[in-house]
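One structure follows; several queries about it will come next.
We just call them A, B and C in the order they show up, numbering each chain from 1.
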Amino acid sequence: MKKRIVVDWSLRLAVFIAAVGLWELFVSTSQNFLLPRFTDVARGFFHLLFSEARFWEALYISNQALILGFAISVVIGIPLGLLAGRFRWMDRLLNPYVGVLLTMPVAPLIPIVIIALGLGIAARVFIVVLFAFVFITVNTRAGVRGVEASLIEMAKSFGASEGQIWRRIVIPGAMPAIFAGMRIGLGRAITGMVMVELILVASGLGRLLLEFSGRMQSDLVFATVLAVIIEALALLAGMQALEKRITRWAPDISIG
Amino acid sequence: MKQETVAKAAGNSSPARPVDRLWVLRRFTRENAPEVLALLAGAALWEVLGWSLGLQWLPPFSKVMEALAQFVASGVIVANLGSSLQGLIVGFSLALILGLFLGSLMGRYRPVEKALDIYVHAFFVCPSIVFAPIFFAIFGLSDAARIAIVVVYAMFVIVINTATAIRTVDPSLVEMARSFGCGEAQIFRRILLPASLPLVFAGIRLGVGRAVKGMINGEMLIAFVGLGALAQRYGAQFDAAKVFAVAMVVLVIGLVSNSLVQILENRLTRWTE
Amino acid sequence: MIKVRALSKEFDMRDNGAGVLALSDIDFEVHDNEFVTIIGPSGCGKTTLLRIIAGLIPYDQGEVAIDGRAITGPGPERAVVFQNFALMPWADVLANITFGLEVRGTPPNECRDKARDLIRLVGLEGFEKRLPKELSGGMQQRVGLARALAVNPQILLMDEPFGALDEQTRRLLQEQLLQLWEEQRKTVVFVTHSMDEAVMLGDRVMLMTPRPGRVKEMIDVPLQRPRSPQVEKSTAFVEIKEYLWENLRAMQVGES
């Protein structure tokens, strides 16, 4: 077993080294002098972390929208999903809109949100919510629907009230799906945050990226992107760990 | 033995259905009445609010339809739609080829899977739009950048689904093939390929949806051609009706491409339960 | 003629590196045109043994020889019938039956002719174009049998072929198998859980004990051929069956 882990990680390391090697090769043979080397990016990354206060400022501003937006998405998304799961008519009513929001790219609507809410934090939060809440709703609904009818029947046979059924059967039963929905919603919220930063470029990380690329500091552009990727992966890994903890008993049925 | 066959034959008879378009439409509306009503109600509400509230960002539904009609009539849509679709098709094809190839390798050979899984997962999970600045730096303001974004958006969901599809092929089918003397290549062609088709198609369908998003997101960022550029331009002009109209065109593209894949999928996987 | 001498097979268990001895010191012979059934409690390795003879899994010690030659993998003289049918769900009955022939490069006309003969033989006329999902379990297994017979093997290896079927279908298929076997007396090794089946079908019954799998005894079944369903009521049948059950029961009770 241990041997297998060592082998696996050696393979992954080998791939990483090969990729970095190819990168260096590509950069050194390319005419494009804007292309940074791996070492430049690494150096730029540490520069951002330790010598660039504006990076942390930008991170803070951008994440404000993320945290607020995600929180609102959860507060809106879960109750909607619970209702849609429980009441058939509500489900059928919401269904086409949910379908549209799931498949339609939100990005083209960003200019409209800007017209409505300006360039401030309200617009950014709204866009994050738009990106995220549908996925939370859809998974929550699936979770409620997925609770075995026989369990609810069983509870009724013991005389449980509607409230008790919700509290003791439906919500615990739907938990895995709700958490899966939140994990996917978080990913979408991060996408929304980044999307709006890059399109609006008025504040936060987007503004930073614009500045760096304007000054031809492509190593810092790459480094900033790297930072975003790391943040996204870290947040999602954290969410997944939480999810695994709370839902040890369940199989994987997530949507998105 | 006779009873068995009779019973089975009876259960499997499918009555001949008249291919009557009107009939199909009527059945569709009857079965989906609540959903259709909900959409119509929404459109009506949009119309009312648009007129009564007079907000700059909420034009009445009819105005949006007007803008849409204008697009089609004036030909504005054609040029931009053309470049958008070009980027979409090239990008998606590339993503398909790369995704199927990589996914097959990962599904079939464990060392490949273990070597690449964390990277594929990382790419799949993080917001694909972050690669836009990188492609912009590499390719500049060009088609290559837009296409690269579509590839990154669509490829990884195809890789993951293909790998899972091949990995979860019923092992007894593979064993059966080996018992008849099949070599590696034969097993791949005769068993793995057809057996993995349903899940692979699921990946392709998801991939198409992602590709459309990649197309529009990429264009909004690297906004020099295509529908994304249009949306940005009209947004800058504060013309909400036109922006909504563009969004609807994108929605239609997404629905049409999804349906196309679905039709192909249904045809090729008629044998599934 | 199948000769198995001092056969051992060990499986690696991943977690602690220790192995599980599935088969130990297996010794027996199957003569040409003989029908041998193998029976034993769960975990006695009978399916493993069959798969080794089929050449699907390697063995650790000992020797498995067919007509004097040690086996190194699957071969044209052997064909397997699987418990869960192993039919390709995307291919129709005809295509499933011709699979083995196609793989060996038989020209399509010959394949089709052979397949049609076999379809008639197993009683599936009219179902050539049907997909497996449209067939009952019994019909699917008849396709599996036809497929095995299509390659004209000397030896038929059957791994609990009727185990997934209901009792009525099972009995019908047993009768049909016996009929077929009377016409073409192939060498058959038939693994089963069912004592009725073991005695009804076999010339000899091989009784195995579990953990590790060993051959306890080879029991002759001196009942007249061709076997009819009536034979179940004969004294000899009942005696042999009782003997089997006494032994099997002792093995199971010893377990718990």
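What we mean here is this: a residue touches a chain if its C-beta (ideal position, glycine included) is under 8 Å from a C-beta of that chain, and two chains touch if they have at least 3 such contacts.
Fair warning: this is a prediction, and the values are worked out from it, not measured in the lab.
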item	value
Highest C-beta pair count, chain pair	A-B
Chain at the geometric heart of the assembly (C-alpha centres)	B
Whole-Å gap between the CA centroids of chain A and chain C	53
Distance between chain centroids, defined by C-alpha means - chain B, chain C (Å)	46
Geometric centre distance via CA averages, chain B-chain A, whole Å	20
Sites on chain A touched by chain B in the complex	7-8, 11-12, 14-15, 32, 34-35, 89, 92-97, 100, 103-105, 107-116, 187, 190-191, 194-195, 198-199, 209, 213, 218, 221-222, 224-225, 228-229, 232-233, 236
Residues of chain B touching chain C in the complex	1, 4-5, 7-8, 12, 170, 172-173, 175-182, 186, 190-191, 194-195, 197, 269-273
Touching residues (chain side chain B, partner chain A) in the complex	34-36, 38-39, 42, 55-58, 111, 114-116, 118-119, 122, 125-134, 136-138, 209, 212-213, 216-217, 220-221, 227-228, 231-232, 234-236, 238, 240, 243-244, 246-247, 250-251, 254-255, 258
Chain B-touching residues of chain C, taken from the complex the two chains share	51, 54-56, 74-76, 78-80, 82, 84, 86, 88-91, 99-100, 103-104, 123, 126-127, 131-136, 138-139, 151, 169, 172, 176
